[in-house]
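My questions all concern the structure below.
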Amino acid sequence: MADSYFQPISGFDLPRFAGVPTFMRLPHVPLDSPRISEVDIGLIGTPWDGGTTNRPGPRHGPRQLRDMSTMIRAQNGATGVRPFEAMNCADLGDVGPNPADLMDSMTRITAFYDQVVAAKIKPLTAGGDHLCSLPILRALGKAVPLGMIHFDSHTDLFHSYFNGTMFTHGTPFRRAIEEGLLDPRKVIQIGIRGTAYDFEDRDFAEAVGVTIIPIEEFHARGVLDVMAQARELVGDMPTYVTYDIDFVDPAFAPGTGTPEVGGPNSYQALQCARELAGVNIVGADLVEVSPPFDQSGATAFLGVSLMFEMLCNMVPAA
Amino acid sequence: MADSYFQPISGFDLPRFAGVPTFMRLPHVPLDSPRISEVDIGLIGTPWDGGTTNRPGPRHGPRQLRDMSTMIRAQNGATGVRPFEAMNCADLGDVGPNPADLMDSMTRITAFYDQVVAAKIKPLTAGGDHLCSLPILRALGKAVPLGMIHFDSHTDLFHSYFNGTMFTHGTPFRRAIEEGLLDPRKVIQIGIRGTAYDFEDRDFAEAVGVTIIPIEEFHARGVLDVMAQARELVGDMPTYVTYDIDFVDPAFAPGTGTPEVGGPNSYQALQCARELAGVNIVGADLVEVSPPFDQSGATAFLGVSLMFEMLCNMVPAA
Amino acid sequence: MADSYFQPISGFDLPRFAGVPTFMRLPHVPLDSPRISEVDIGLIGTPWDGGTTNRPGPRHGPRQLRDMSTMIRAQNGATGVRPFEAMNCADLGDVGPNPADLMDSMTRITAFYDQVVAAKIKPLTAGGDHLCSLPILRALGKAVPLGMIHFDSHTDLFHSYFNGTMFTHGTPFRRAIEEGLLDPRKVIQIGIRGTAYDFEDRDFAEAVGVTIIPIEEFHARGVLDVMAQARELVGDMPTYVTYDIDFVDPAFAPGTGTPEVGGPNSYQALQCARELAGVNIVGADLVEVSPPFDQSGATAFLGVSLMFEMLCNMVPAA
Amino acid sequence: MADSYFQPISGFDLPRFAGVPTFMRLPHVPLDSPRISEVDIGLIGTPWDGGTTNRPGPRHGPRQLRDMSTMIRAQNGATGVRPFEAMNCADLGDVGPNPADLMDSMTRITAFYDQVVAAKIKPLTAGGDHLCSLPILRALGKAVPLGMIHFDSHTDLFHSYFNGTMFTHGTPFRRAIEEGLLDPRKVIQIGIRGTAYDFEDRDFAEAVGVTIIPIEEFHARGVLDVMAQARELVGDMPTYVTYDIDFVDPAFAPGTGTPEVGGPNSYQALQCARELAGVNIVGADLVEVSPPFDQSGATAFLGVSLMFEMLCNMVPAA
Amino acid sequence: MADSYFQPISGFDLPRFAGVPTFMRLPHVPLDSPRISEVDIGLIGTPWDGGTTNRPGPRHGPRQLRDMSTMIRAQNGATGVRPFEAMNCADLGDVGPNPADLMDSMTRITAFYDQVVAAKIKPLTAGGDHLCSLPILRALGKAVPLGMIHFDSHTDLFHSYFNGTMFTHGTPFRRAIEEGLLDPRKVIQIGIRGTAYDFEDRDFAEAVGVTIIPIEEFHARGVLDVMAQARELVGDMPTYVTYDIDFVDPAFAPGTGTPEVGGPNSYQALQCARELAGVNIVGADLVEVSPPFDQSGATAFLGVSLMFEMLCNMVPAA
Amino acid sequence: MADSYFQPISGFDLPRFAGVPTFMRLPHVPLDSPRISEVDIGLIGTPWDGGTTNRPGPRHGPRQLRDMSTMIRAQNGATGVRPFEAMNCADLGDVGPNPADLMDSMTRITAFYDQVVAAKIKPLTAGGDHLCSLPILRALGKAVPLGMIHFDSHTDLFHSYFNGTMFTHGTPFRRAIEEGLLDPRKVIQIGIRGTAYDFEDRDFAEAVGVTIIPIEEFHARGVLDVMAQARELVGDMPTYVTYDIDFVDPAFAPGTGTPEVGGPNSYQALQCARELAGVNIVGADLVEVSPPFDQSGATAFLGVSLMFEMLCNMVPAA
């Protein structure tokens, strides 16, 4: 039986534009709250973009994602899943970053997620830029290397930038593989496209066994076929899902820092998340929403719609 | 032979950005004009959004739709139809609403359309929010229940909001069915999607015989197949067409109050309207264009493009 | 000694873009919270614009004002006042309106403020359109007619609109005077300007003794002189302060529904609020911020800067 | 007694966002209308920017000015003047330009205004770029050279551009003086500022007797003093008033192609127009509003507010 | 071996937002530079929109395209082509137009391209409106009529506008065919759609042998089939490629003056350019990007992505 | 005699929207250019915002400032100064930062300015956030502590942020004073305002002798009086001028990360820069222009207008 404390406020009771905006209108339950132990899934913001090498802004993502998430209702229209009745979900608030110190910020994020893991809460994160995934994985992948399903237009597998800088939003999964947080043979990257400086990242992927589905292949095979491969790859192993909003075509998600044209539309984007059904998701994130590049909130609304689809696949099937 | 009075001004004579903007550059023929009796199809604005429960703005729709409609020319590029030569079309102006009194506004709209019906003019309406359709149907469906083809991401079949409020933009067709203005077994709703509070609306639809085509089915079957079903359902009975711009994916139509991601693209949106050929359309509307959420006019331009397609199916085939 | 529970989160600890946005980063203390009895000043949102006759949007005001209010710090740079140390301040949340029922919404607002008054909390409200002030005054002015200092470009003293509609954002203070909630001889309206249909409102003001300072007089005399008159008029009687953001010139506050050019600049706008020092303020509001007309947040940031100045004059002088 | 046909529609009857937008909600009376002979003052659009050397867009000005002009009411709040009762005012529509032929466009404009002059209608024009003033002056200044009061940040007195191009929006008044349409000793230019290629224009002005009030002098002396000089200069001679919106500081009027920072605020801008009282105005224009650079309509709203002030000084004093 | 002088600056060395923006971060090599003789492919801006009959702005296109082009990297992610290593590419700067003289501007453009042709440089042009293509073709097609592959929603084959104006952005290819610059039987126009005044342009096309692929046919057959036909049509003859950004659906390319809904998405748009492989391209352009209608730069980013794809097909296959 | 190589391109020859945009259309002369030794004043971009603790974006400043600077002409309209004839000015390009490494970026900036100093070039810098001033001062103030005239709404004199972070855009001048780069008794900060966490920065200023002119004093005394004090303070000592765009009221300069309402208008902003005449300026900067918060370019245009005024005071009086 669902606990009413953990039910989102209905727009039939309080209009959706009203109220203090928490993720999906869930209760705000900080880590030091007495009710934290009841939480099954924690929605968390990582408002940090210190790894961004191009156009900044994702530090503002969690705020706008919370705002637009008040348009999300309680039931999945396509599948009928009611996630908030299936498990106790809550907004755990934001990790406080240090905008002027990259290493300190990563330390803070890992420390926060160590507590989340200790509390046996599955995190669903709203970024932040893609470097946020690395300190999260340092908490989640500490015990055993994880599988990963990765939606993106970039591999984020580069070695370094600017003459030796190892930590940027273009390097997190190179680091995560090097640190043993991910099992590269159980990592699949979907939607890769755009111009490149060179193929150093793809060569690395091939060398360590990461599977890449370029966008041309994605469009040719279709969502269902690609996602079947992804599910098969990770099987039932503990798997992280990371969803960079720039996976989606910029007409649907203009609010991001490194867009690449030619991506999937919003229906395909939703389908990808929906087709995660059955995956053993131990954590997920939606990153790179950059409000300064889309003040309308359209990108953030797509972002929270995707978070909701992922959430529906993080709860036990009814 | 077409009456030159009823021909739109050509952009080859007067540039499209010039002149007082009427719908599609047609003559402005108010209800009290001496030429009103010559009008076959009346384009009408209902600048009212009193039923909006979320983000307001459609009251500004007719103004922006008129503005962008000056980009519409005289001939359908795909079918060759020249509607303004086929029938006398005119801009009948706007129904004056009362923004601070919901019931008064509905009365005013019905009174206006009663006159339109009396003058044997087929109305093509630019909303306004979707509650506008109810007072229009009260005029058009007075004599006999109508069939309805309904493009939308929402059913608008809810019973009530906010503890008993019966008239909102989420309830018009529930009321219209209850009032006998529509024959529910001859109503088809296409494109339904998005998160839900619950499925109370869908349960009602099933109970009374309304056909719902969820977006997943729409994408799987394709426009042509779905529209064949729609045409078959209504046959040659008098049919109302209601087109909520939020049927279209928000990347193509961002200027609306309750967007839902994962919708059709603009080509599919046009096809849907084009595939109404042969339907016995007694009236049509295009609603929920909200200019404050798209000052660029792109949504309104799509809106008037759809109005033009519907108009081409409201005139007799050549 | 200030209670740390009621202190806002510092941007030196948590960056200002992070965290769930409450008004001025204060604790969220709903009316049913156990700590409500400790609150001295309550910041409240009234997200409702049902009285708007022109361009809607202020229902979205509280959300955006909360967002931008995270840029406000703890101390007044000009006066040195530290309001959060002087009194216990908290975000009481929003009053839930009924967007489709004007009368119901007014009832809900008055009911909420009746509770606020009963709890001996002074309200500082973020609107909402200007009709929100009427149901608030029905709670605050119930016992004894209040004085009022009113910043606006419109008098909001009209009798009715649209052939007899008595409740719109152009009529609240006509109603409040008729209902005995305000003592008209102790009401001053500052900044009145713009074109008019007629001077019926000004004739009423003159008849009942309301003082009007047109913008021409304001610019000629200057802020300090006008505000001295305002303070003298209300003396030490219980006084309500109502601040319509359209008082300020639209270059500084574009996000509003009925702008009038030729208004004060932002420095004068601040000065006006600052010169309320010594007034016996029993409640205050900042209304008509309309986010759809200023997605940048600049208007809201000015709005919360004005709220902070008013707040500094609602606490006891150090 | 005012003719009700020529009265604008009140926003108390029809909300201001409703209806086909004509200038100030006046009747649309084309030159070939039977009622044209009753018109005293004609509001006319010249949607043309063929003389623009920098950022184009003023061709869209009349459309947006009409839209925003529906926010203008019937009475001047500062002076009490009710222009629509003093004289018959009407929207004469737009002059149709040829966007791809500069000379043809100028010919079309002069031909239109020749008819306006013949009908003894005083024109109040909404541009279009500043080159529009030249073909207008060719009609109005044909009989006798006019005086001119000119608000602008540029003199528009240059000889030529781009190696010999004589007709641009930087040259109209050089041409008008050369053609004998203006008496240069009775021309005053107020607000001149910004960087310059050289002072060739100012040297010409000095040589022929044009009075220039640079912005530094304007700010030092104040509106009232400068306008007294302007009124004295033109005395009671037939005078044209030309108001370039870029006279106003770009914070108040961002929607223009060649902004210059450091200009007057909107209150000073209004005062300038108001202080034209007593001038024998034979025609006036408001030019260079460029909607693509201000989709919000704020610039256009200031523009029509200025047009209304000028209009109030084109009717006889009560 | 690639000359390092002609290599673009890498974003791994200098972040992409830094530096003076040239096309694709290539060296700026004006026509009078000593290194001009080493250039194989010249990227050129034609910032002129004098032929625009509707909404202006493409004169600002080259500036914004240069800005966004700094996001383009060195290698084609789909094909692996590295164009800057295959041939010497450079930014030749802009042709200086005369914004107030249409004929002078066309003369200036042709004069510039005559020099480009003389220097044996293949031009890749960033417009400007579509009339720019005519003076370019006068230089490129002087010796022998060219084939042309034309992506657009309009044929641009009209005879004249506004009572005899022969040169507008709706007439360039009518003129080019009349002047013998194109072989009409070797011209294919892909994507034609939208409403029409009449089919005079299509009748002309049919009469002279131009192939038109309406958008309905395009969507039905798919990119690959249509492009195979295009390649077959032109064979190995010298061919010009002209790409009007309004070919793409306005959701993907809102920044243009004459959008038509129902077009291809960005992936199809890319595919079209990619499928030019093997065509003997003697020059290409990307026109009608209008920054005032998309300040976000999204349209320009799609534009430069398409320019990069075309560029990859202008260099010899590896 | 002015060297034509160093003259900006005139808009009378090449329209201002055309051409590769360098600062003020000056030649691009990198540090390794053979002509670098002829340069007297170097305009330099520091596209870096690594010290930003709130809303990022100034890294994009130099690009947009270059773009808008093409609207600047050759002569000061108020003073007649022609700076490009007085001294050889050039665009030296941008310093390449490391967006993911704060310390590395500061090192890179100082290294660049060390070369500039060695070449005896006076730098006029376009930021970047305000932390950029520190590494610049490390080059310019190495020999002897400088005086400084500082326009800003913040003192930027804080000790540290986020529990010990010493380098942010709120600390540069604390560090510069500590490092002996500035003589604090010869530093004046003008325009300080806004809410504060505490007055730790002001206490430091008082302790070391920095002069602060709060905005209230600025408005009360006026520009001329305040600037006379500033000039007197620094006398003829080598002085740095640092101009944070957030000194100006956000209505005039919305594109910045930490706006504070109540600031000077654009005319006062210009006057401040103009009143630097006679100061011995060894370098100057204009920082904190953040294009993502003002895509219109209005803030950047004000920024370059201010840079031009400063430049006019960096050349010898005629």
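By written order: A, B, C, D, E and F. Residues from 1 in each chain.
FYI, contacts are C-beta pairs under 8 Å (C-beta built on N, C-alpha and C of every residue); 3 or more make two chains touch, one makes a residue touch a chain.
Chain-to-protein mapping (UniProt): A, B, C, D, E, F = Guanidinobutyrase.
This one's a predicted model, so the numbers in the text were calculated from it and none came from an experiment.
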Quick one: which chains contact subunit D and subunit E both?
-> B, F
Between subunit A and subunit F, which partner chains are common?
-> C, E
Using residue numbers, check each pair in A-F, B-E or D-F against D-E and return the one sharing over half of the contact pairs.
-> A-F
With over half of the numbers shared counting as same, classify the subunit B/subunit D interface as same or different.
-> same
Most distant chain from subunit A, judged by the mean position of its C-alpha atoms = D
Between subunit E and subunit F, what's the gap in Å when you average each chain's C-alpha atoms?
-> 40
Averaged-CA centre spacing for the pair subunit E and subunit C, given as whole angstrom | 55
Could you list which residues of subunit B touch at least two other chains?
-> 13, 15, 17, 53-55, 59-60, 99, 161-163, 249, 251, 265, 293, 296
What chain-chain pairs meet the touch criterion?
-> A-B, A-C, A-E, A-F, B-C, B-D, B-E, C-D, C-F, D-E, D-F, E-F
Residue numbers on subunit E that touch subunit B, as the complex places them | 53-55, 161-163, 192-199, 214-216, 219, 249-251, 254, 258-259, 261-263, 265, 293
In the complex, go through subunit F and note every residue touching subunit E.
-> 13-15, 17-22, 28, 45, 47, 59-60, 62-63, 66-67, 91, 93-97, 99, 295-296
In their shared complex, at which residues does subunit A touch subunit B?
-> 10-13, 15-17, 71-78, 80, 249, 251-252, 265-267, 269-270, 296, 298, 301-302, 305, 308
Residue set of subunit D touching subunit E in the complex reads 49-57, 59-60, 98-102, 104, 161-163, 165, 167-168, 292-293
